[in-house]
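Mind looking over this structure? Questions follow.
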């Protein structure tokens, strides 16, 4: 039942002399919520970028459904049902919140050409409206995304990642700057998508409470290498993790 | 062989001129993210300030000083206050368009007010030639060459070594943050434009004896300077020198050994190749960002 | 509701003026109006590439040239007008597509300089390849087209012809920018990285933005040739590209009606200023500078800001009311 | 009773036609840590921007110690002893890490020895020393934030405004930053901080402040807020329908 | 009636041709002012209006159209051959005389009977030059350096044809750009063809730069050109390097002719610079119109083209025409011209080449 959805094999990424990710391997099982934690600068975001084709890995492979998808472009990955959020704010600042969401949903049906002749708001599924309500963005739907507050943009970014009904979402610090009440909602939402639709999540997060509550399994990186892997409780008790990351 | 040396030397001489114009261009980019399409005209105008002063009967040294002062005022202070300030925060493009209009304005004004003719421009350097490897090269060219190198070294040191220089760079990259760190953003931008104005004025005084003072002299010069700046590296002042000299030489070699009809094309191919394969330019450093 | 009535009335007035005003103009006036329509088409293409998709191009003038030369060469060889027109569009589409490739590697000013180089190269080819283009002497001796037995020979006839072409081009453009593609183009401009991760195939859209924009340039050139009935390299220098760019920015880049306004300013204003003799270009340049200082986002940008400000005021009032409704806990 | 070091009175401010702050009022006592909490979009960051002169206050007044600092420019404020670490990414991406750091000292008075301070900061954040020559834009998200915080320590502020310092920082780094903040308090510096990580922030704070829709809804001792059930429900992760305009 | 006679000049007042057009315009203005000061043509004043083509044939065509719509007595300009070519049919159709400055040989062969030159035209000057190179210099190999625009290309094509016809080989054919500053490569290329003479057909400023470069590289073969190589302006700009250059001159202010000198002086007083050959074109144009009108004895727009054709104007009667000239049936000019050398920084006329029709 818990099929392997994605397999990350020995990913290494060098920037000039710096090795940001140093041979990291792990697998993501279908329907799980996997946490990735590690100190600042240990290579988490870079790892995401390599998995999703935003950066070419120096070494290593990424397998999705058993196919080698290393080096596929992010758009292709996205159309295979893998979407993501970003650590730093990434929205379309001059577009309204609604347009941001419609855009996030439109590129998944048909080909580029059928879309040209299709309806303008093909991306505006019932989901979109639901998403707007869910993230409490209703009163901001017609505002330009660039004028939102930090936390609001963060939420919009997450909402965009969910728009196309992805099988798998990679979230890079979704909780940063999000109000705790809202974070509770987000958590519920992830869990709901996980149980109802079987969506898989990989979450980078520094908010340990969030990780502990949400994740079924956690991978710990330090200085580009994987130093631990296990259930949240196991990881939390691991001395190496405490030394490198959690502190006292 | 003699021909080849001739070509290289004269390419260097022309290249030094391009470099001189390109320096100010790079400087404006590096310290205020302004692309100045009127840079060629900026080099053309100071010569006319000098000529106008000479016509009033002033001696050359006074006229040069007056020219320099007027350039700093018009091409520095007025340019910055009237055009750049209101537009800077709206991004590169509207300001670039504005400088295009400015270039028309300067050209046409000089033409209407002064003359459409090329006027000879007195040189403050001695006439005459020096012999290099058996080829003649004018003192004028050598001076331009030396001056361009000195200007680059001085500016480079200023930007990299002094606190003011660093603040100017900071202002260019992110005026918002610069402001909240207490950088006097306005003053930094003003410095940039004053330095540029002084540079173009000096370039003008050096170049005009060769190029002649003419309202349209900035057209080719401006374009060549663009190309030189990009080829050398837009974000490095020393790139202007490399780009300028390379351009001068390539232009000459292309005309001699490839085609005169297409001589204008060869630097462009160089430009395209550089942009595509080394966008930061030969001397520039890459701009990388994480997402 | 009343605003939409005002807008509609305004629209009808403008369209009416475009149809009936030329009847009162002399041949020169009509020529200028035709030129406006043609330049609007070219500026519209550039507006797609630059304004919507955010790809800075300084080569639109070269595409107008390519279109004009294609039509002139083929018409001189006796091909009529319609086939050359089609070929002009196809050629500029293809060349535009190719010119898009650099845009996949570099952006902003770098891209601007690649396209600038391209536009200069095209000029050199027009001038130097005499066997094909007649070089500096130019091509003459082709006639304005006719269709369905209607000739477009006379100035006023040809004006209506270009007006028809403008209507066609605008309709196409309106449909395109309102389609999902239009939104994808804007995404390229706003945040290509995010767009890519949302499944937007940024490569293909970038190439498309160039290709379609260039084809509009080609279309415009194909009309320019029969308007002047002479084609030589001089009009297609970098200056034309810069001019078109100026039209787009001044009108309001990224706004549908921007090019109409921008082209009006770029084409008509110098005419209205002719009374100033030698000074007209000076006044024109001054005008453009002052306009841009006052409205750096273009004329339509300012109008949009005004509309947005009104909406914001309402939202602001709502927030203030809600805020006042909160009592201190 | 001691006088507040910062007192904000009936501030009205916003962006263009949009008014965000509708009469915000609060005080910060000298030598304390005050934490501001509130939902996303409440106007917390906007308050900070207004205090620091990056946004114009349309009415109301801001007093720092005994002087009126309403709408002063940042350079003047820095000279008076305020400093500000904004939200988001605020570095010079193409300059090196060291140069970024040094630029924090621009507003320092002539007698401060910037080089020495830079050195002691690098001591505290060895990561920054290690990556000193790297372009700042290539740092990881958290590292960029640390750089920013480190940069703000170059001066001797009397009041520090910090907008969500914990975003993107690992738990260890959050502890480190919080302990720096506590050290500063011990030296008599007042801190005004925005935090979504409200519980840990309030735990080290003296006072707390709840902002909603641009107005101060509560101001009390931090401990009192932590214990207040309504705050717990509203902003500390309790679940009740929240109030958005 | 006593309404002024309206002439419209459509010229290159901006763009690459601005120098050409401005010289033409200023001189035309000068001529108009002189004529008006002496009471005008047949007692009527002249009113001259200038339109700017921006050196763009499309605009030129439109402006000639506009000019025709304003029903002027005559049209002057444009100066660029391409612009003339597109606009001539309009003037021909309207039957209005167009007195233009284009040099291209073909212009007067196109069969527009309202088109008139104000200059010699390359079809008359180039044969003289080719003849000089072949017969006087006995050159076998020639390098041709020309500016790649409408003016230079026309001259280059014509001279190449004429040289080839006389058995002279063009061993280096070198195109240069308007505004070019560095001629090192061009000179290297010219030398590589081992020429016995070099023909230079550039604008004045570029001529000066080329001459300097030729000197720098030690070229000693005869340098032959047109007015644009040996005019006073070039000499001033090129200094010593101009010495020894020689060429054919239709009309220059330095020609040994009092009328020309007087014109040059008046121009310089008014505009503060030395006019070039384009200036003379504009000046002549107005006087050609005046002479033809006076011959008709009435201001007759439709009759003007015919009156101009075959007209011979004598400088003794009409000093403004500068030198005796005859307008042929194609609209080409015929008159004396000169062969001159630059010696010690002065233009010295060696020979007067008579009118062809004599």
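By letter and in written order, the chains are A, B, C, D and E; residue numbering begins at 1 in each of them.
Definition applied: contacts are C-beta pairs under 8 Å (C-beta built on N, C-alpha and C of every residue); 3 or more make two chains touch, one makes a residue touch a chain.
Quantities reported herein were computed from a predicted structural model and do not represent experimental measurements.
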Steps in the shortest chain-to-chain touch route ending at chain E and beginning at chain D: 2
Taking each chain's C-alpha mean as its centre, the one farthest from chain B: A
Identity of the chain that, by mean CA position, is farthest from chain C: D
Centre-of-Cα separation between chain D and chain B, whole angstrom: 44
Computed distance of Cα centres, chain B from chain A, in Å: 48
Chain A and chain D: spacing of chain centres that average the CA atoms, whole Å: 29
Distance between the centres, which are taken as Cα means, of chain C and chain A, whole angstrom: 40
Multi-partner residues of chain A (each touching 2 or more other chains): 15, 45-46, 54, 86-88, 90, 139
Residue numbers of chain E (touch at least two other chains): 14, 16, 148
Numbers and ranges of chain B residues touching at least 2 other chains: 108, 111, 261, 264, 288, 290-291
Chain B residues touching chain E - in the complex, by the definition given at the top: 3, 6-7, 9-11, 13-14, 17, 108, 111, 115-120, 129, 136, 210-212, 214-217, 219-220, 248, 251-256, 260-261, 263-264
Chain B - residues contacting chain C, complex: 35, 37, 82-83, 86-87, 90, 92-95, 97-98, 100-102, 104-105, 108-109, 111-112, 223, 226-227, 230, 234, 261-262, 264-265, 268-269, 271-272, 275-276, 279, 291
Chain C contact footprint on chain E (complex, rising order): 13-16, 50-52, 55-58, 61-63, 65-66, 68-69, 80-82, 85-86, 104, 148-150, 153
Interfacial residue positions of chain D with respect to chain C in the complex: 14, 16-20, 22, 210, 212-218, 230, 243, 245
For the chain A and chain D complex, residues of the former touching the latter: 15, 18, 37-41, 44-46, 87-89, 136, 139-140, 147-152, 155, 173, 176-184, 206-208, 245-248
